[in-house]
Structures are given as structure tokens and as C-alpha cells.
Amino acid sequence: MNVLLKDTPRPVPDIPAYSPSGNECALFETAWTRQLPLLLKGPTGCGKTRFVSHMAARLGLPLSTVSCHDDLSAADLTGRYLLKGGDTVWVDGPLTRAVRQGGVCYLDEIVEARKDVAVVLHPLTDDRRILPLERTGEVLEAPPGFMLVVSYNPGYQNLLKALKPSTRQRFVAIEFDFLPKPQEIAVVAAESGLDEAQVAPLVALAHRLRALKGHDLEEGVSTRLLVYCACLIDSGMTMREAVRAAMIEPLTDEPDVRAALLEIADAMIR
Amino acid sequence: MNVLLKDTPRPVPDIPAYSPSGNECALFETAWTRQLPLLLKGPTGCGKTRFVSHMAARLGLPLSTVSCHDDLSAADLTGRYLLKGGDTVWVDGPLTRAVRQGGVCYLDEIVEARKDVAVVLHPLTDDRRILPLERTGEVLEAPPGFMLVVSYNPGYQNLLKALKPSTRQRFVAIEFDFLPKPQEIAVVAAESGLDEAQVAPLVALAHRLRALKGHDLEEGVSTRLLVYCACLIDSGMTMREAVRAAMIEPLTDEPDVRAALLEIADAMIR
Amino acid sequence: MNVLLKDTPRPVPDIPAYSPSGNECALFETAWTRQLPLLLKGPTGCGKTRFVSHMAARLGLPLSTVSCHDDLSAADLTGRYLLKGGDTVWVDGPLTRAVRQGGVCYLDEIVEARKDVAVVLHPLTDDRRILPLERTGEVLEAPPGFMLVVSYNPGYQNLLKALKPSTRQRFVAIEFDFLPKPQEIAVVAAESGLDEAQVAPLVALAHRLRALKGHDLEEGVSTRLLVYCACLIDSGMTMREAVRAAMIEPLTDEPDVRAALLEIADAMIR
Amino acid sequence: MNVLLKDTPRPVPDIPAYSPSGNECALFETAWTRQLPLLLKGPTGCGKTRFVSHMAARLGLPLSTVSCHDDLSAADLTGRYLLKGGDTVWVDGPLTRAVRQGGVCYLDEIVEARKDVAVVLHPLTDDRRILPLERTGEVLEAPPGFMLVVSYNPGYQNLLKALKPSTRQRFVAIEFDFLPKPQEIAVVAAESGLDEAQVAPLVALAHRLRALKGHDLEEGVSTRLLVYCACLIDSGMTMREAVRAAMIEPLTDEPDVRAALLEIADAMIR
Amino acid sequence: MNVLLKDTPRPVPDIPAYSPSGNECALFETAWTRQLPLLLKGPTGCGKTRFVSHMAARLGLPLSTVSCHDDLSAADLTGRYLLKGGDTVWVDGPLTRAVRQGGVCYLDEIVEARKDVAVVLHPLTDDRRILPLERTGEVLEAPPGFMLVVSYNPGYQNLLKALKPSTRQRFVAIEFDFLPKPQEIAVVAAESGLDEAQVAPLVALAHRLRALKGHDLEEGVSTRLLVYCACLIDSGMTMREAVRAAMIEPLTDEPDVRAALLEIADAMIR
Amino acid sequence: MNVLLKDTPRPVPDIPAYSPSGNECALFETAWTRQLPLLLKGPTGCGKTRFVSHMAARLGLPLSTVSCHDDLSAADLTGRYLLKGGDTVWVDGPLTRAVRQGGVCYLDEIVEARKDVAVVLHPLTDDRRILPLERTGEVLEAPPGFMLVVSYNPGYQNLLKALKPSTRQRFVAIEFDFLPKPQEIAVVAAESGLDEAQVAPLVALAHRLRALKGHDLEEGVSTRLLVYCACLIDSGMTMREAVRAAMIEPLTDEPDVRAALLEIADAMIR
């Protein structure tokens, strides 16, 4: 489940490349066929957003993405009345547009959104597949070509921000994790332009740092940071400078933890 | 109390099929006859919403459903003034429309709504059967053909979100639970297209997992997830893949709990 | 203090029947004569609202009732500016209308309202008997024919929602409770159509359950639920079904408590 | 410090009668002469509001009273822009009106107001005696004839609602308490029409109940409740009924406390 | 650092008199010359506001003062759009006006303001000396003649309301305290008209009471209260009455503390 | 990483001088070349803002700076609808303007902003480099010439205000600290006009006080305060006066801590 592979042997035009690590492509297609909504779980920067782009393109479906946040309300998704020329006119939100037109609607980090959002999804995610618009009095039926995908990162879910069981139980779910080492080396080399031999120790270091998650670190190094690090090296920074700027400073502000990570890095990269 | 039975012997046209597990249909009809409001209690995905659709259709009543959420206020139910052409005009909310026209008004997950909603319901649920609209100065009398139905899931009620006794005591109440095993097998098979022999071990597994509720799991597997699981198998996924994606990942993010559930599943489905 | 008696010997036309259990009618009339505001205290469904309707009709006074809730503010009672044709026009709230026209203004569950409401009542409830409207600059003097009545349920008052002494001390107060057994039997029989012999064991059961209040139950069975129960029996449900749906399920969601209540019920009703 | 004496020997026309219990009238006049703002402290219903009406009338000053509450903001006192005919026009609040016209501006229960209110008062209560209106850009100078009086009840002040020292230190302060017994008997008799002999045991009872404040009662019986009680007796209620409705039920909802108070009352009034 | 001296030998016309107790005047002038922002710290009523008025007048600078409070937001300082004739027009706030015109802008009790205010000050208080107006797209450069002065009382700062180091470190700071005894006697006598011999014991008492700060009193007696007290005596109140009304009641509501303060006062003033 | 050096040997016209203390300039340029977003971490007043101004000018890029605060929302960055002539018209926020025009967009103290801001940055900081404007339906692609830089001070980050890992992991990060002693002396002398010999003991004192951070002081003396202090001395204040006003009073209000700091200062500066 991961990031774009430049120069991979068989790139389909317009389809963002994606390197699967399990049955996630088959599951997505089956969910699509059976009109089941999908929930993607996994850590930051492991490729969930890329996976959705890949599958939507592969199935030839329009994709609309909404990054959820603390203030995202149901009205932001469904639409609201705006004042135009003295009248209030209704303007569809991104979810309503997706339901009207079909295609994949992807709500990224769904647990961040306000709780009324989850409830708007309920009638869309049971056998009714409808979106009632209270404010306009409309009840939209989702066409067969509509699919709802949501994601979240269980790593830093908290009590106030858990998905309610009544929402979770409306989705088929896929657990994502980082790529196995050789696959991740290939991806980082392709993305950054750095050769695989130089990337290998960076990925080894990343795996070592990920093992510290939950102890000294809230979250491990993402594949994205690995790509950043390789880019800096590819542009002429030293390995040590690049590792510090892209793999250590973004992870922690604690002087003790940083010193420990630098020590690990120094031991592993030269 | 449960989900649609495709291919049941006597499907009445336009009436969503429903497989009763107790006296709930008689209670609904009696409450309707005596103009008593009704409260449905039960876990996620056990068929409360389907039951209301079934009964409304069977009694030939229009049905309007409102999914309640944290930001649903009294004004969302009763109506509000909107600005049109420089004037403010009153627009009825779904409860007001239902009171004017008669029929069943169903407020799903009532405890989620803001507290002012419960109080709007009070004069509708005692012998006055009126809906006062403070903002317009109207007092609507509910016609004999109006019935109020509300539901909630006592499973994850909390202190902040309990129904106040002064609200609860205004309803006749029905407790729902999952279907008995043979009935649930029939429903899942009918809904998914998978044959009953293949569905049986899934239902057995679901019953096993429901027994863990309150210990390792916040909520047990719903009938809806069983249907999802059977759909995935029916479309060619392996039993293990389908169980993981539809019956385990949606229930938990805890690695330990997931491992334990997978072990139970492996032991029971092969 | 209680619910409508159909078929009582001397029903005055247009006056909701009311079966007094103490000196509450005399107190209401004296408070009315001496222009003293009145506070009604008592549990859910014991007839406070009916009592006010009865007295207002008996004294020939118009009655306006406001159900208070968490979001009810002073402006909801006194009025606010609305936008009409580009101008803001003042629209009286229900309290202001009552002060202008005279009659009884009844604020139900006053402790639920926002705190600014209580303060709006202060100048109306001392010897000034005025309602200052800050926003319009008016100071309304209450006519002799205006009376303020408020109610609340001390049973589930909490720290955040107590009436302040500076508010309480502005009212003459009446404590309400459920009717004595024979009177309650008569009322339930009259309301439901069920004969008194069948009602008697229901009332006995209710008295038994009310004794559990504060231990296993937050609140006892109201007279209203007794009427519901009798209605269900009158319409053909069995006594056990009716008791469960109208007297037990509305009281608790706790499986243990429900089982205990059912046991008590089984022992007492057959 | 107390309520209106009907039929006192020397009533000045249009001046609400007031029976002083200390040097409060002289202090008010001196503060007025020296242009010092005044703070009145004391329990509910002891006559602070009446005192201000009395002094304002005696000094021939217009009086404007604002009851403060949780949602009272600086803008409610100073004024705000309203929309009229498409324009926003400024409308003075009661404090601004009082500063423009002179006279006494009385803010009742100042600690209840939002904190921005206290700060609006600061430039008015030091030697600048100005009211800056940020929104209009005006800076109003208070005329010599303007006086600010505020009050609060220290009895149920809490941590969140204390007057800040920087506000308190801007006022000369007077502590109020209930009247001495003979004076209170005279006042209650005059207000209610009941003769003093019948009032005396009521006042004795009130003094007894006030001694319980802080132990079983949050606040003692106010003179206002004594007047209510005497009114009920004067209108024919029995002493016991009147004491219960006007002096006991308004004080407590606790069955034990009520029983204890009734016992005290029974012992003292017959 | 203190209040106006009437009749001091050399009053410059239009400059509020001020009696310095340290190098604060030189520091203000130097900060002004070097374009450094200034922070004044000190207890209630010790003369910070008067000091700013004095210095602004002495340097011939216009002064605009904003009393900060809990609801004061960045927009209140910088300006906002108002609706006029159907259009939104921008209206400068007091800080923006001061930056456009030059002069001293004084934010009194800065810690009371909402946190966004502090951040608006940041670009004004580093070497950029700019005020960006996000809403209009303008970036105002402060002219050399602009100076920002803020004040707060460290005495009752709390955790929620501390100045952030990133804000504090942008100011040169002066600590204020009450005047030495002889200077304070002179000031109080001059302000009140009472002769110094009568003022002396009042100031002695104030020093005694200030020593209790932090033990029984939240804050000591301010010079302002001393002036009030002397005014009351000058107008004919007895010393004891005046001390109680102006130096004790404004400090405490605790009966025990008040009694102790009265005892101290009785011992010291006769 | 620090403040402007007046009179440095090679000042490039229009480029704010900056004295680097590490590889930060190379890292900024590499990040710019590879289109990677940048995160600057470090204490108050150490020169982060100056560094960004320097690099933007050096690379010939327009710079727009936004100081983040508690109430800064996504809409403040992206834009909002305003009412003009009866219509709502869209007005770009500073982030949208920067994305449309290219150049550096610098969000200072990003952790202070509301959480929805961080999420708006997500699609801009992964390989998509897009800014979706939900309200207008536009999706802006950042041009190659756009770079996002954010900063924060890890010193007083708290639990409520930490950067989420999913945000942090989108940036290459640089840790800033104060300059080494000789470099800081040169900067302070250049900025203030005071000669280096006089500045040296001030910088020595600052290093001593910074060592107390975390023990008695929340934050150490910034280079900015050192410059203030040197300015005061340069304008004729004594060293002791200047140190107190610019290096001690801005750091603490605690009498004990202040006394200790003064003692250290007295020992070190003469």
C-alpha cells in the first residue's frame, strides 16, 4: 500500500502507480461491485490516499476527496444556503455532488470531523443508500456508481474521537501498514532518484525507528519522510544532515529522545 | 426484528419484508391505535430502522426519518426562518411537516440530539398532542393519524447522553435484540445470495463474538456485517479474508484483540 | 394533582377535569388574588401541567405554556428583532405577550432554561411587577390579571441546574406527589377505559416500583405510564406484555434491574 | 434596608418608603456628592433594590436598573449596531443612556454578568469618569449628575464568579443585612395588611430559620417571603398552610430538611 | 507612580500631574526614543493608567486607551467589516487608528484579552513594526511616532491567563508598587482635600492592611480607596464609618476577616 | 540563526542580513529546489522570522507571513464569502493568494492555530500539492514556485497544542537555537550601536540566565531582549537599570526569582 513508483515497468496512463502489499485491491473491487462502503485504517503516510486515487482511476471513477477536521460539519459535506442577490440559494457540498454524479467520495481522517458528519453517513451506508437533505427537503438515492470510502489512523485515536460502533459497523474495513523492506526501498529510490544501495540503509534505519513507536515516539517514520530524506541526499546534503532534517527532527522535540535517535542513526548509516 | 428477507413466501408489494422475533408488530399497532408514542431500544444494526419502515408501509402511513446527531436542535425539527428576497419566511422542519400531514415521524438515535429536542417532544407526547411553534406563534394539534417513534442504543449511552426520565416516561418501549440463530441464517442468506450452509458458520461465529461484548469489544457483530461478509464470500473472496474485512477489522483496532478474534475465527470457520 | 377524569359526575364545559389531592387549588387562587408568583415542584407525570390548565380555565384566564430547555434564553421569552423587508422588526416572545395581555404564563421545567431566563423573571416577581425590554427600551408593567407559574422536578436537579435562592425566594411553592391509591385507580380507569378491578393491581405494582426510586431506579412509574399500560390491556395485549412495554422498559435499560422488576411484576399481577 | 411601608406616618409623594437600619442613607448621599461609585452587598430579598429606588427618588434622580445575568455582555450595556433599512445604526444601551442623561445607573447582581462588563465599568469608576465606546469611536464623559451603583450577594459567590479586586477597589461598599425584629414586624404587617400580633411569630420563625443558613439551608427566609406568608394568612389560609407554602417549600427540596423545618414551625407558631 | 496632585507647585497646563517614585519617567522616554514597546506591571490602583496619561501629555503624544477583557478579540483592536447600505465597509479599530496616526496606544490589563490579541501585537513589537490587516490585505508600517504600551497586574494572574514568554519578551518592562508613606500621604491629602494630619493614620492603616495580602486578603488597599476614604471623612462621615465603607467592605466579604480588619482599624485610628 | 547585522561587510541590497549558525541556508535552498515543505523549531526571539525573510529575499521570492493564533481558522487562510451589494463574493485568504501567485507562505507559530488549519495544509504538503477550496469548488495546484514554511516553539507546547504526527511528518525540519557567544555579541552591538566591549558582559549574563530555563524561568533571555538592553544603555540608562528593565522584569513576576536574578546580574555586570 504505497506511494507512486516512477519508472515502474507497466504504468497505465493516468493511473497513479501503486504497489499493493496484500489483497486490498481485490477487496476494494469487491466492495465496489457489491456496493459496500469501505473503511481504511493505518498509520500516517503509509499510502491510504494514494491507494484510493489508484483504485478510482483503475475503475474509471471520478474521485472527490475531503480532508476532515475538527470544524467539518454535516453542512460542509451536504451543502448550505448562501445569500445571492438578496435570496438564499442552495449550494451542494462535496458529498452531495458525489451522490448526484456517482464515483468515489473519500473522507480522509473521518474521526476528526464533527460528530454530526458520521450520522449523515448512516442512511448512505445501509441498504437504503440515501442522502436526506433536511434543509431542502430532498432525499437523494445514491446511484449504483456511488461508493463511499473513509479512512482514519487508529494510532492516535482518543476517547473523544473514536468512531462509534454504530458508524464502524457500516463499513468493510482494511488495515494498512508500511511496505515490506525490499518494496519500500524500491519505492523510495523511484520517488527520490537516489539509487537503491543508498536508500537501503535509510529504510533499515526507518524500520529500527518504527520499532520505538509507543515507547519514545508517538509515531514511526513514514515512507513520505524516507522519500524526503533521499531527496535531500540526492541534492547533495550529507547523509547525516538529511537524516536529521527529514527523519529525526520531524519526529521529536525532546532533547533526550533526539540524542538517542541520532546515536542510533550514526551507528547505522556509517 | 430484522433485515429484509428476499424470496420469503408472502411478500406484500411495497412493504419492506421484516422477520419479527416477538410481539413487536402487535405492540406497534396497538400504540398506533391508542395514539401512544413508541420508543425502540436495541443494539446497532439489529433492524430497528427496518422495523419502522415495515410497520409504516403495512399500516399505509407516510414515514419521515430523522437521524439525530450532536448538533440537531429543536429548530432543525420544527423549522426556521430563512431569508428570501429580503424577507424572512418560515420553512417547516420534518417534525412540523409530519404533524401537519400525519403519518409516522421516526427520530433515530434520539439521545444524540441536543437536549432542546427532547423538550419539543413533550407536548406532543402527553394527552395534549400539540406542537407549539414559538417562533411563528402557532400551536399545531397532531391529527389522529400522527405517530411519533424514537429509537436509541442503550449499549453506549453515557451520563451526558441519557434520556431524561421525564422524556422516557412519555413512551411505550420495546427492547430489540439480534435474531435467533436459524432466523438470522435465513436472513443473511437471503440478503447476500450465499447458501445457508455457508452462512451457518458465519452466524455461529457472530454469536460467539457477541458474547465478548463488554469485555474486549464495545459492541458485537451486527446482522448487517454478517450480510457484508456473506456478500464478499459470494463474490469470491475466501472465508478468512471476508471474515477479517467484514467481521473483525470493523470491530477493533487493538492488535491483541484482533489477534484473539482471528484465532477464534480460524478455529470456527475451518 | 392529576390527569383528566373522563365521565366524572360534574364536568364543567371547557375546564380540564382535575382531581385535587390537597389544598393546591385554594393556594393557586389565593396566590392569584394577591398577585404572588407560584412555583410547582414534583416528579414527572404527576399532573403539574394538567393542574395549571385546570386552574387557568377555572379562573377564566388565558394560558400560555413554555417548555424550557437548555437553549432557551431570555430572548426566546421576551422577543427579538427579526429581519423583514430589509428592516429589523421587534417580535414579542411568549412571556412578553402574556405580560401585555394578562393571564397565566407557565414556564415548565424552569431549571432547564439558561440562567439569563431566571434573571428576566426577577423584576416580574417582586413588588415592581415589571418586564424591562432592554432591546426596545420599553418597561412593561404587568397588569393585575397577569400571573407567573413555574415548575420543576427536584428529583433530578443537579448542581449545575439548581434554582438559585434569589430566584426561589420570589415564589410561593407547592410540592406535588402522586395521587393516593384509590384516587389513582379511578383516574387510570377513567383515562384508559379499563375497569377499576383490572387497574387496581397495576396501581399496586406502580406503588411498589416507586418505592425503589433512588435505589435501582432514577424515577418511579408515572400516572401517565399507568394509563398507557391500561390502554394496551384494554386493546387486548396481555397484562404481562403491557406491564413490560409501558411500566418496565421505559424505566430502565439495565438487564439486572429489568429482570428484578419483571420478577416483582410477575409476582404481583398474577 | 427594606420593603415599602404602606401607611407609614410621613410618606413623601413618589418616594418609595424605606426603613433604614444604619448609616446607609448618609453614605449614599456622601458618595453621590463626592461622585464615588457605590457597591451594595447583602442577601436575597433584604431590600437593596428598594433602597436604591428610595435614594434615587429622594435625590430627585432618574434611575435605570439592569438585572445582570450570565449572558449580559458589555455590548448589552453600552449599545450595538442594528440593521435598519439596509444600514447599521447605533443604538445606545442602558449604561450609555444613563451616562448621557445623568442619574443613577443600578446594575443588580453584577457578579452574574460576563467579565467584559466589569472592565467597561473601570474607566467610569476612576477619576477619568469616562465611557469609551470602541465601536462608535466616542468617549463619553459622565456628567456630575451620573452615579453608578452595583450590587451582589456574597452568600453564593463562587470561584468563577467573584468580583475581581481591580473592580471591587473602585467602589465604596455597604454591607446589608435583614432588619432587626421589631422593624421587620412593622414592615411585614404594613406590606401584607396582617396585624402585627399575627406577624410577630412569623418573624420569630424567620429569625430561627435564618440561623440555619450554611448548615441545612443555602439561604435564610427573606423579608419578601415573610410578606408572602402574611398575605396568604391575611387572605384566609391557615398559618400552617401559609408557612409551608411561603417559608418552607421555597427554601428546600430535601425531604429530611423540610420535615425538620416543619417541626420547628409547628413548635413555634402554635 | 501615582494619582493626581491637586495644588502641586509646578503643574504644567494639560499634563495630568504625576508623582514618580523611581526611574519610570526616564525609562518611558528612552523606550519612546528607541521605539521599544513598554510593559507596565503592578497592583490595582497604584497609578499605571495615570502614569501613561502623564507621559503621553508630557511628550505631546495623542493617547488611546483600550481596557482589555475576556471577549476582546484581535478584530476589536484592528477593525472589522460592517454592513452599510448593503455593502460591507471596513472600519478601523483603535489599534489600527493609532498605528495610522501615531501616538501612544495603551492596552490596559492585556492578559484579560483573548489570546489572538497578543499575536496581533507580535509583528508590531519586533523590528518589523508592522500591523498586517489580513481581512483588507493591507500591511501598515508603524510611523516613528507610534508607541505601544501594555499593562497587567501580576498579582492575580492565573495559569489560563499568563502572558506567553513569546509576548513578554517583546517588551521593556517596569514594575510598579505603591508610593512610599510620605508621598502617599501628600497625594491622598491633595486628592481629597483632607489635611495631611488626618490622612496620616489612614495611610498607616493601609500599609498595615497591605501586609496581609496573600494571607487573608487577595489584594491590599489601593491608593484610590485611601482617597475615597479621605473624601468621606472630608464630607463629614466619622473616621470609623469611612474606613469601614472605603477600606474594609471593598476588600472582603468574609465575616471573620472583616471583624479582624475592623479590630486592626479600631486600634490604629483611635 | 539571528537578527539583522547593521554594517556587516557584504550587505546585499534589499536582503535582510542574517548570520547563519549552521546548515540552515543550504537546507532551505534544497527544500525549495525539491519542493519540500519546511518546519522551523526554536525558542522565542532566536531569529526564525528573520531567517525566512532573509532566504525569501535571497531566492527572489515574494513572502507572505501569517501569525497564527487561537482563533485562526482554515477560512482565515483560504478565504471566505463576504457580502457586497447584496451578493456574496469570494475573497481569497493569504494562503490562497500565495498558492495562486507562488512564493513563500510562512505560518508563524502554527501550533497556535485552530486544528482545521493543519488539515488544510495536508493536501498542500504531500505529492499532490493541491489546495482544495470546498466553498468555491476549486482545486488549486501549487505552482513550482510555491513553498510552505511553518514554525513553532517546542518550549511551551502543551498537550492540547501539539502538532499531530500526521502533520509533522509532512515537513523537513530545522532546529534553531541562540547564536554562539561571539556571534551574538556582534549582532547585539550592530543592532544597538553599543560597542562590543559593553555588550560582552550582557551576553555573558544572558547565557547564564538561559541556563536557568526550566528551573526558575519558563524561557531564557532572547537576543531581542539583549538588543533592547543595549539600546537603553546606549541611550544613557545605567547598566543596572537597563538589565532590570530589559532582561529581568520581562522574564518573571515572582519576587523571589527576580531577587535571585538581580543578584546574579549584580555579580556579573559590575
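Annotations
Letters A, B, C, D, E and F name the chains as they come in the text, with residue numbers starting at 1 for each one.
One rule holds for everything that comes next: contacts are C-beta pairs under 8 Å (C-beta built on N, C-alpha and C of every residue); 3 or more make two chains touch, one makes a residue touch a chain.
Here the structure is a predicted model, which means the values were calculated and not measured.
If you take chain D and chain E together, no chain is in touch with both.
Listed by label, the chains touching chain B and chain D alike are C. Comparing the centres of all chains, each the average of its CA atoms, the largest separation from chain D belongs to A. Distance from the centre of chain C peaks at F, each centre being the average of the chain's Cα atoms. Here the CA centre of chain B is 53 Å from the CA centre of chain F.
One simple way to say how far apart two chains are is to compare their mean CA positions; for chain A and chain D this gives 61 Å. Annotation for chain F: residues 83, 86 touch two or more other chains.
Taken in ring order from chain A, whose neighbour in the chosen direction is chain B, the chains follow as A, B, C, D, E, F. Within the complex formed with chain D, the residues of chain E that make contact are 3-4, 44-45, 49-50, 65-72, 76, 82-86, 93-94, 97, 108-109, 112, 153, 155-156, 218-219, 221-222, 224-225, 228, 231-232, 235-237, 241, 245-246, 249-251, 253. Per the touch definition, chain E reaches chain F in the complex via residues 23, 26-27, 30-31, 33-34, 36, 39, 41, 73-74, 81, 83, 86-88, 114-116, 118-120, 122-123, 126-128, 132, 134, 154, 157, 164-166, 168-175.
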